[in-house]
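Notes follow the structure.
Going in written order, the chains are labelled A, B, C, D, E and F, and every chain counts its residues from 1.
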Amino acid sequence: MFDFYFEIPLVIRLILQGLAVIMVIFPIAGACSMAERKVAAWIQDRPGPNRAVVPWVAWIPFFGKFLQRLGVFHVMADGGKMLFKEDSLPGHVNKFYFVLAPIVAMIPALTTVVAVPFGAYFDAAGKLIPIGLAPLDIGMLAVFAVSSLGVYSAILAGWASNSKYPFLGSVRASAQLISYELSMTLAVLPVFLWVNAPGTEGTMGFARVVEFQSQPGFLGGMWFGFLMPISAFIFLVALFAETNRQPFDTVESESDLVGSFHTEYGAFKWGLFFVAEYSHMIVGSGVFMLLFGGGWNPLPWVSLATAVDFLGTFLPFAHVPLFVGILSIAIFMGKVLAMIFFFMWVRWTLPRFRYDQVMKIGWQKLLPLSIANLLFYAIAIALIQK
Amino acid sequence: MAVITVERKPLTFLERTYLPQIAGGLKTTFKHLIAPKKTLEYPEQRPAIPVGYRGVPTLVKDPNGREKCVSCQLCEFVCPPKAIRITPGEIPADQADRAHVEKGPQAFDIDMLRCIYCGLCQEVCPEEAIFLQNQFSMSGYTRAEMVNHKDRLYELGGTLPDAHHKWDKKKAAEEHGNAH
Amino acid sequence: MDISVLQTLASRNLWGAITPEILLGGLALVLLVIELLFPKEHGRIVPVAALVGLVTILGGVLFNAPSAYLNQETFNGLLVHTHGGQVMRVFFLLAAIMVCLIARVSLAKQTLPRVEFYHIVLVVTAAMMLLAQSNHLVLFFVALETVTIGLYILVSYYRTSLTLEAGLKYLVMGALSSSLMLFGIVLLYGVAGNPALPAHTAQSMHYGQLAAFLAANPHNFLASIGIVLVLAGVAFKIGAFPFQIWVPDVYQGAPTPVTAFLAVSSKAVGFTALLALAGTVFASYAWLVAPVLTFFAATTLLFGNFAALTQHNVKRLIGLSGVSHAGFLLLGVAAVSHAPMAVGAIYFYLFAYLLASFAVFGVMAHVAGTNDADQELDHYAGLAKDRPFLALVLALGLGSLAGIPPLVGFMGKLFIFIAAFQAGLYGLLAIAVIGVVVSIYYYFGWIKAAFFETWGKSADSPAHPERTPVDFVTGFALSALALAVVVLGFYQGPLGSWLSGR
Amino acid sequence: MMTASLNAYVIVSAVLFAIGFFGVLIRRNTLIVFMSLELMLIASTLALVAFSRVNGTMDGNVFVFFILTVAAAEVAVGLAIIVALFRRRQTVQIDQLDTLKN
Amino acid sequence: MAQFLFLLFAIFTVLCAVGVVVNKNAVNASICLILCLVGVAGLFVLLDAYLLAFVLLLVYAGAVAALFLFIVMLLDVQGKETFGLRGFRTIAGFVAFALLLAGIGSVALKGQIVSSPPVSVAGGAQLKLYAYQLFTTYLLPVQIIGFLLLISMLGVIVLSKKHEIAEDAQ
Amino acid sequence: MSTLPFDPLLAAIFAPLAVALAIACGLPKRFSVKLAYVGFGLPLLLALHVWFYYGTAAQTHGYAFLTSYSTGLDSLGIGLKLGLNGISLPLFVLAGIVGFAAGLYAIQSGAERLKIYLMLLLVMQGGLMGVFASVDIFFFYFFHELALIPTFIMVGIWGGRDRNYAAMKLTIYLTLGAMLSLIGLIALYVKSGAHSFDLIELRRVIAAQPLEVTVQHNIFGLLALGFGILVSLWPLHTWAPLGYGAAPSSAAMLHAGVLKKFGLYGLIQIALPLLPAGLIQWSHPLAWLAVVGNVLVIGFVTIAQRDLKQMVGYSSVMHMGYAFLGIAAGSTLGVGGVVLLMVAHGLSVALMFLLTTSVYHRTHTFALDEMGGLAQKAPVLSALFVAATFAGIGLPGFANFWGELTIFVALWKFSPLITILAVAGVVISAVYGLRAAARVFFGPATPEFAKIAAEHPVSDLRWSERLPALILLAALMFIGFWPKSLSTALDATLTPAPAAQVGAVK
């Protein structure tokens, strides 16, 4: 049906796919900023933003009102505001790097998506084909590698702003990013130890991990989140820190730093930072879900294949690859959004740590814990496989 | 007075991980998340204004629809931020029912950008002509709009349903010839 | 590649073969644990633990002198356990013991964390021991870098401005030389594994295979560039002439025990590497290696000695004299291809250098004040009167360094000279003789400062820092060194035959 | 995907190496000297990977791991020294670091 | 295509390297270094060494170069460096540069390095190949590297700890 | 054959060293001094013992008392091999006698830090005994250096005027000489192909296959230069008068008397038999240098000296010229003469230094111009001094006579011109010797001396000073009257080997 697509030259195809993903990520990131406000409001027993409205749409009898109440149109309003506000450039900054920093923030945020598969379908032979921009063998590594470049935006922004608070913020940010990257990496290793049994083809790709979580049987269908709760926990905490989310947003910590490295930023440039942060969150949540949350499997012990088979009993088109693909993407996206909701939920629950506490947690608590965890699983896996 | 040192109870392991507490916090916030919203959607919904609320100062008329203010300027005098400006004037001749009133305000302006809602004008008014009523929102696009003129004040204030009928009595007295 | 192949490969990792190194690493970790367990007393326990451990390991190595793995390649050819390797193990252990002893004296004058120092010394020593047995360029590079980076830290350990400056200089020069060497290794790897060349080999970084390849391609230009680069990198470690510029500054700035470590162990590492590379692997490129080594030896001898002449700071002095010793050793290395006895001679010289240097450094540590970089010749005035024991040890050590018979240093020089003569290096010998004579001058100046000046006029000796009293253990070690310096000069005994591997 | 010849890669790596070497020699700012040193290491890894690709052995690629780790350790130590020195001297220019002289 | 990419990356890398060396401003230099690393990572990809490319980015660009940039900014050394083409060092630098370049370049151009048809390495199995090598043949160096990292960590802690030192009140 | 239950040579070497070690380990002063007597006496006794029994002892490879000990370097052909032949015997005895005399003199001298002084002297003594007892040329060299080092230290610490400069100059010159000769020895070791430092082995190998002529030339040149510096061959002699001038008397006695002979001994024992072609190449330059430089130039310089000790030092340099001449002559006779001269000069110069110091103790100056008339106050001293002077000049009755005579006879065959010049040198030595004796002891007392004598009452030699002097003088006269006591053994050693070869080359 879509064979023509595969006849397009690879480069163009890749560009198309990349654009498609960006087209999805960008709005989601924008929507997240809205969602953040909504969730904040809900948790504070408020309805949240619900006034903005677009002509025509609002006139749709019931649905329009619903959208308005949901605050959907505020996304546009906010985005429009950011785009069209006067984009001022303070006089004391290093212009080049000042402008460069938000761009640098965006690049890794969007590039990491390349390595993350976001769905799967079954080909004619019943083989699982992941959907993603680049089915990399070393997906995990690629994500880590590229996202580690994100630190430059913080450093550059802070330095280029040429004023104290941003600089302090950038120092904090980069130290925090580098600190937590360690525990994060170590936390992920048990998963790959488990996946890469001897004799199988070694990989650090995500698809295999998901495949591993969709096997039949009690252990097979178990998501790694249940199998390795500590790993999942460490990864999660590190993810919070990496994305500078509450309770780890000492970087921003408006009470002592005004705003972090983006104190001097405004308008569109500031918006880019904002979007980059949400993109990070999205990709991070995606990775978390792939590794610990079963990827596109709907439920623990219920794999995508099972689900499709079940659906097949009353939907004739259930096995069509297109449907399976969309279904899996939907499941995956649902999980990611749930994760993002979790992010927000935590944000309005926990107070912010002090900077020294952040460092202490990273180096003195999380790192030893992750090492112990790694050792435990390494030994356990060795014993099991014997 | 003996000092009693109360030892802080040592934290258990679970407490030291803070995880149960965090979970508890999440639970609490989640409860609020799904709890019914307590917001008053204001322009559509209005709060119930309690009795005795002191909002925007207004001028009132007596039940007969006459201005109560006699432009004695006490309120103007007492107003701490000098928000009130009164231009006194004669009672026009055509107002037969007020002919016995010596004066009435020609213009009565309250600058709401200045008013501090202290209520002194109401306190001081001998004629009980000025009241702080339940109107609480004032808004406008220009400064000029924020000055309440006399007609606006009366519009806001309405009629005070008092049973004094002072001017009626005065008129009657005059007519009876025992004025003063 | 299935499991069985892996198991075969893994089974070649004979950990038993490197027991001493593993024990050293373990000991280093134990030190950290001690610090954790005894936060109050670790300042006293750690050095003792390190020393006891080192002595025990040394005893074990000596006890098992003919290791069961002798002349065997282990770790898939990464290591080869030769007699020379055993000798150098003992050498590095001895050096580490002495460094720890001197450090006890020297660190006591500073307010500094202690445990890290000993930890790093132990790890670096283990790396040196592995390096001496390395048979593969990868292991060579990794072990060498471990040594070098450990030394960067140790050099800057006191964190005074001078120490840090020395550390920075050492770092820049060290990293430069590492890069040069690395590029050389890469070129060798690339050439030796190139499928288009004859005798190309899959394991092109293995010494034996590389040597076979080089023998089959005796004039490959790229390989010769690689060889020159590798030699340059090693020349830095030993402080050979064009790469010696770091030596005086770093030696002066570094803490005294580290200076000793640099002077003895680091140099010895360079020479074991040079022996392994220039002596065997690059043997078929003698047309290239020989002139390079000759150049190194000649210039190093001349520079070291003449530069040392004008020094007043004893640390610079001993640094530059160390350069000249490197020259003598290079003379031996240059002779290796023609005189088989040169290898034994180099080992003997190294041991002689070890004994004498540590005797001198031990005294320096006692004479130095809080400011470790400031050790002038004048500070030695009156030493013979104040602390005759230290003065005697100093005199013996310096005498041995100068190569005065009957001290052991003379024997070392003699063997080197014999080897050089056998190899027909007459020109170099002439330079070496000049070097010896010149060196007498500055060593003598030092002895003079310690002895002569004060016995004549004791009244107005210049101010000098407080001299640390010698405690029992250090005193014992210094006497043992002094005695060894003398006795080995008379009677080489089993050591001589053991060193020459016969 | 390798269509450019090995020569080309080796030349690129040699050029990088030479640039790094040049930088070490002529620059006086310690930090930039240090960066130049890193350039040299990187050049080596590039050559190593290219050779490894042509030779068909993994050793070169594996060696790159070691080089990277070593470089990271070296940088960490080096920068610690530079920072500590800067705290005491307020300079990182090599020619101002000349206290150790006779 | 690959040829074009090679040229692109090679030129980019070399230009960035030059940028590192000639830049007066240390911040610019470190940015150039990072870009240069990205270029080299690209070349690695062209050489089918994906893993190394990403490791390079992760370790070098992500951590090492970040540290550089960080320190450069922290010290905020205003580049008063007298950077001119004079003095013995510069001449020596040029000579060394030229020699090295000429040496290796001539060999490469003369074709002494023979490019044989590259042996293809199975793409998917690459990761495992690395692992096999690292944990069988090169297990010992891996262990040594572990100790190396440990001592460098300790060293950095010792060197940067704030500690009262008697000396240096200059 | 020796009837001692131990090896006398080894005992003679290690007795002083052992005593030195004991002192170094912190022996109290009283015991140190007592033990030092043993340390100096034992070598003398053993030397005399060996001398006495030499004729009857069993000879192996031309050596008596041959023993060897391994020092762990057998694989390199290095081992402590001790033995005496006719050449080394006289010098061994010389070392014993002079060492004892110097030791006695040192003990009575009451120097500062006597313990260490004695210790160093004992080390020197042990080294000296070792030099002449070694058959292994490595240990030959080694013991020389062992004896040399204390000299530097003693000059540096106990020396007189300019001691720092003197010590430094001495050290550098002598180290240079030693290094050069070491290289020469190594060359011999390597080039001979014997890969052994054992002299016997070297001789055997070289006899079987002589070295190439150019090689011989080069090695001989190296050795001659190196040893020449050590023996103060002109113009490399400048260290000697300076050093002796500064050195404390016992050290000067031992060095000038015995240790300096090392170079000549090396030439005779090693260079001549092993490198005959080298000698032929170098004999003329060597002879001319010796006769013009050492004998004539230094002779005149000596005459010009105004300082007694310097003068003795220069005279010692001058006499070395004769020794070189004897070696250059190259014949059995000449070599024999050299050995005799070495012994004789060793005894006489030691005596000279001893007496000079004794004079100094009485006059508190070395300046000849400030002395005079000491004979009245110290007759024994003056008698001994005059006797020593006569011995130095080479008058019959003293050992020197036989040495010089033999050398002149041998030299005539080599070159009559040189002989004439050399004999003229005797006149020079007579001039300065007698002049000095006259100036110091006879004639009127100078005002300066009178002043000093007034401050420090002048006494004659004490017995503690007299005894060493007498021992030396006795030995001089014993040999002078009965040279056969040495020459028998000497002939026995010299006749078969070197003479035959030297003759053959001629």
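Convention: contacts are C-beta pairs under 8 Å (C-beta built on N, C-alpha and C of every residue); 3 or more make two chains touch, one makes a residue touch a chain.
Computed from a prediction, not measured in an experiment: that's the story for all the values here.
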Legend entry - Between chain C and chain F, the fewest steps along chains that touch one another: 1
Inset, instruction - Please state which pair of chains has more C-beta contact pairs than any other pair. - result: D-E
Legend entry - Farthest chain (mean CA position) relative to chain A: F
Inset, instruction - Could you please state the distance in Å, as a whole number, between where the Cα atoms of chain A are centred and where those of chain F are centred? - result: 95
Legend entry - Whole-Å gap between the CA centroids of chain B and chain C: 93
Legend entry - Inter-chain centre distance, chain A versus chain E - centres from mean C-alpha coordinates, in Å: 30
Legend entry - chain B and chain D, separation of their C-alpha mean positions in angstrom: 77
Inset, instruction - Please set out, as single numbers or ranges, the residues of chain E touching at least two other chains. - result: 55, 63, 74, 104, 113, 115-116, 119, 129, 137-138, 141, 145, 148, 152, 155, 159, 168, 170
Inset, instruction - Return the residues of chain C touching two or more other chains; collapse runs of consecutive numbers into ranges. - result: 138, 142, 145, 149, 152-153, 156, 159-161, 187, 190, 194-195
Inset, instruction - Quick one: which bits of chain F touch chain C in the complex? Just the residue numbers, please. - result: 24, 71-76, 112-113, 127, 138, 141-142, 145-146, 149, 152-153, 156-157, 163-164, 167-168, 171-172, 175-176, 179-180, 182-183, 186-187, 189-190
Legend entry - Sites on chain E touched by chain C in the complex: 103-104, 107, 112-116, 119, 129, 132, 135-141, 144-145, 147-148, 150-152, 154-155, 157-159, 161, 163-168, 170
Inset, instruction - Spell out the residues on chain C that touch chain F in their complex, using ranges where they run on. - result: 341, 392, 399, 404-406, 410, 414-415, 417-418, 421-422, 429, 433, 436-437, 440-441, 444, 448, 451-452, 455-456, 490-497, 500, 502
Legend entry - Residue ranges of chain A in contact with chain B within the complex: 39, 42-47, 345-346, 348-350
Inset, instruction - Over in the complex, which chain E residues touch chain A? Could you list them? - result: 27, 31, 34, 50-51, 54-55, 57-58, 61-63, 66, 69-70, 73-74, 123-128, 131
